[in-house]
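Read through the structure below, which is laid out as structure tokens, and then see the notes.
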């Protein structure tokens, strides 16, 4: 039933690349996030901050493998308004992962489960699949989530 | 000793003028705040918000007397990037105020006290005067604050 | 089984009482929240804002019935550092509510359900009871939540 | 050249519908925003807030015409986890609008201009069109914006 | 009079353990904070962030000694919904500390003072003791703080 | 025409000095920022965070060369209320810089341009000069910005 699998592991040599932006049009943020993910970033997130003269800026954070830094810099310098970057080193501990297919009254939906030292510690319905089911069948998205979670727990309990 | 006085009162007919900004350079915010205060706003503050497509925008809030709305609109439309405004009605309860002069080892500094139904409920050293004293005498600003507060409480207790 | 019930209704004549605080020790916030709830506030929440000179302040918001305004003012002026308040009028639409008791392997836990025009639209396990069960039985709190939700859905589906 | 036009006006009888959410999966926010815009909301935005017990919640804000309240409530109660809503009355001042087509080296892109008492006070390149041009021609999005703005100003100056 | 003492020092080999959460019920945060402090964390704090698809998430930050990482991971994976963690190395400079007992009209309250190279740079009344005194004697909490600070400064000045 | 120049480079051995503040008067932030910049900090920014007991605190961040740490510590311990500091190591990539003077109808204004591997990737009108021109000539600040940007692009295109 599982169609994907990844072992728990730690990635050393990761970078958090940061840039503080106090003069950028916020409309650009979602586009920049997508560009960075396409260019190989593992994760992209924005932190609201207060900069010099009390300006409400944002700090761009890009988590990436050290080997990807050159390509990501290229995107950051081209697409944002920053004059510089910071690199902070980080190690990343990633849980083992498995995808399980759950049959629901709105079709089959995957659940992503995560394992720590062999024990399942997380499970989460796939957002996009729930969203599509909610739209197609005109049911509240939260109801789809709840039902997938319920069915997953039920099956697991058997 | 008091050189200024104002009675506790409620101002009805106030407006909170709001504009959501998702495409404005944040560098402009402090300049806009100053412009609006000069044009007669009672208060100006910014709230970090999340707008369409997850954009990290800011909401401008201008508290003002209804009669000032025209002039403030003029500033908002000229200086920000907004295509519209919202008006929310509000009543403002303002405490009675009095300024008291406190002698410190760094010179005299005013304390602003506030009264609710005749009882003193607040007192605050004047920021600018503390800041000037801290700079001039090279002492930590927090130390100036603490000392002004201590002297005020001591005197009041006599 | 239901031990409490309330019909869906709209409360008109509610107030949102607001105060912007740029010189208050943030340690005080939780104490002030509790004091206001004890004094009859329906809800209390804090919004991070940016005030004059770029100061990272907070806006206190107190939702209350108009008749409670006097007592709440007393608390706000006594416990915060504000020199004034704003009142914004609001109407509040509250869903019908019912509490249902669910038997779990960690004891009985209530679920609070809400109804809109007779249809159940929300259900939420009681936080405090889940927390106590998690502590007593040394299980993850999220697992208790998930299980209560699962059992509630199962029972409802029968 | 203009293909759309709207006069400056004030809409009275608008509502800001608010719901504080401290127990909702944040994944749902973008879906809910889209649902509310489809159901007739004029604007949807989220404010990070701090709720009881220091919980980092969000406040949903929906700006809408009073006549749409029923449909929007339906969406809010179905898709979020709230047990109640607040309505705050607002008037909305909307600028006059006009769309102008600008020819660029990457194709034609619209600029949305806004007018206050007959004077142009805002102009903004259409985000989606700039984004498409940037993707198609592999140029930085900010460069497309800058160029559209430059051409608009140049033409206007003639 | 001092009943506790700690010398100023730098702890090297500390970790900031971080997890970005975009699908967790915010109700869980205070419980998780307590669990992590019990499990040996030096500090726990949450940063509001904007994640993929503009989701308003939170970043959990846990400051801890490297040797505690295993136990804290266990709590984070069990109690939050994260699929991974980041470790960032940090050194921590901690000031020398001393507790001083101050007699007030509401009973004795401790002040925590901090020293940098032998000079006292901070002093702060103990929150819990001030809170208890305020509740017991029905005085505003800010008044208790102010009085403890005043008495501490007075005594120090002698 | 260029009167200043700096080559693109990476500064290794930088520190991000952090302090979480949950009991400091927010009025002090702008003063502290200025003090730290005077004492040699490369950048200073504040992040809104949620601390123990749900307190809405701020995290001070000071980016600096390792050699400046002692002086900056002195300022942080003297001017803030913190009992400790964290140091996180960072490398900083700074773009090459050049200042170009642009003649406008409101006088000459500098544009700061930045270069990555010889290619110009950023350009930004100097905020203070735009602000002065806007005040002196009574034009909207955003109009001054737009015009400087337009003239810079025009000249560059020649």
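For clarity, chains are labelled A, B, C, D, E and F in written order, and residue numbers in each chain start from 1.
Simple rule for what comes next: contacts are C-beta pairs under 8 Å (C-beta built on N, C-alpha and C of every residue); 3 or more make two chains touch, one makes a residue touch a chain.
These figures come from a predicted structure and were not determined experimentally.
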item: Contact distance in steps, from chain A to chain C; value: 1
item: Distance-maximising chain from chain B - centres being C-alpha averages; value: A
item: Chain centre separation (chain C, chain D; CA means) in Å; value: 29
item: Separation of mean Cα positions, chain E and chain D [Å, integer]; value: 40
item: Multi-chain contact sites of chain D, meaning residues that touch two or more partners; value: 23, 25, 27, 29-30, 46-48, 50-51, 53-58, 78, 81, 88-89, 127
item: Chain A-touching residues of chain E, taken from the complex the two chains share; value: 18, 20, 23, 47-54, 57, 59, 73-74, 77-78, 81-89
item: Chain D partner contacts - residues on chain C that touch it in the complex; value: 14, 16, 29-30, 33, 37, 43-48, 58, 61, 63, 88-95, 97, 112, 114, 116, 121-122, 124
item: Residue ranges of chain B touching chain F (in the complex, touch as defined); value: 25, 27-28, 31-32, 48, 78-81, 127, 131, 134, 140-142, 145
item: Chain D-touching residues of chain F, taken from the complex the two chains share; value: 50, 53-56, 146-147, 149-150, 153-154
item: Footprint of chain D on chain E - complex, ascending; value: 22-27, 29-30, 46, 48, 51, 53-58
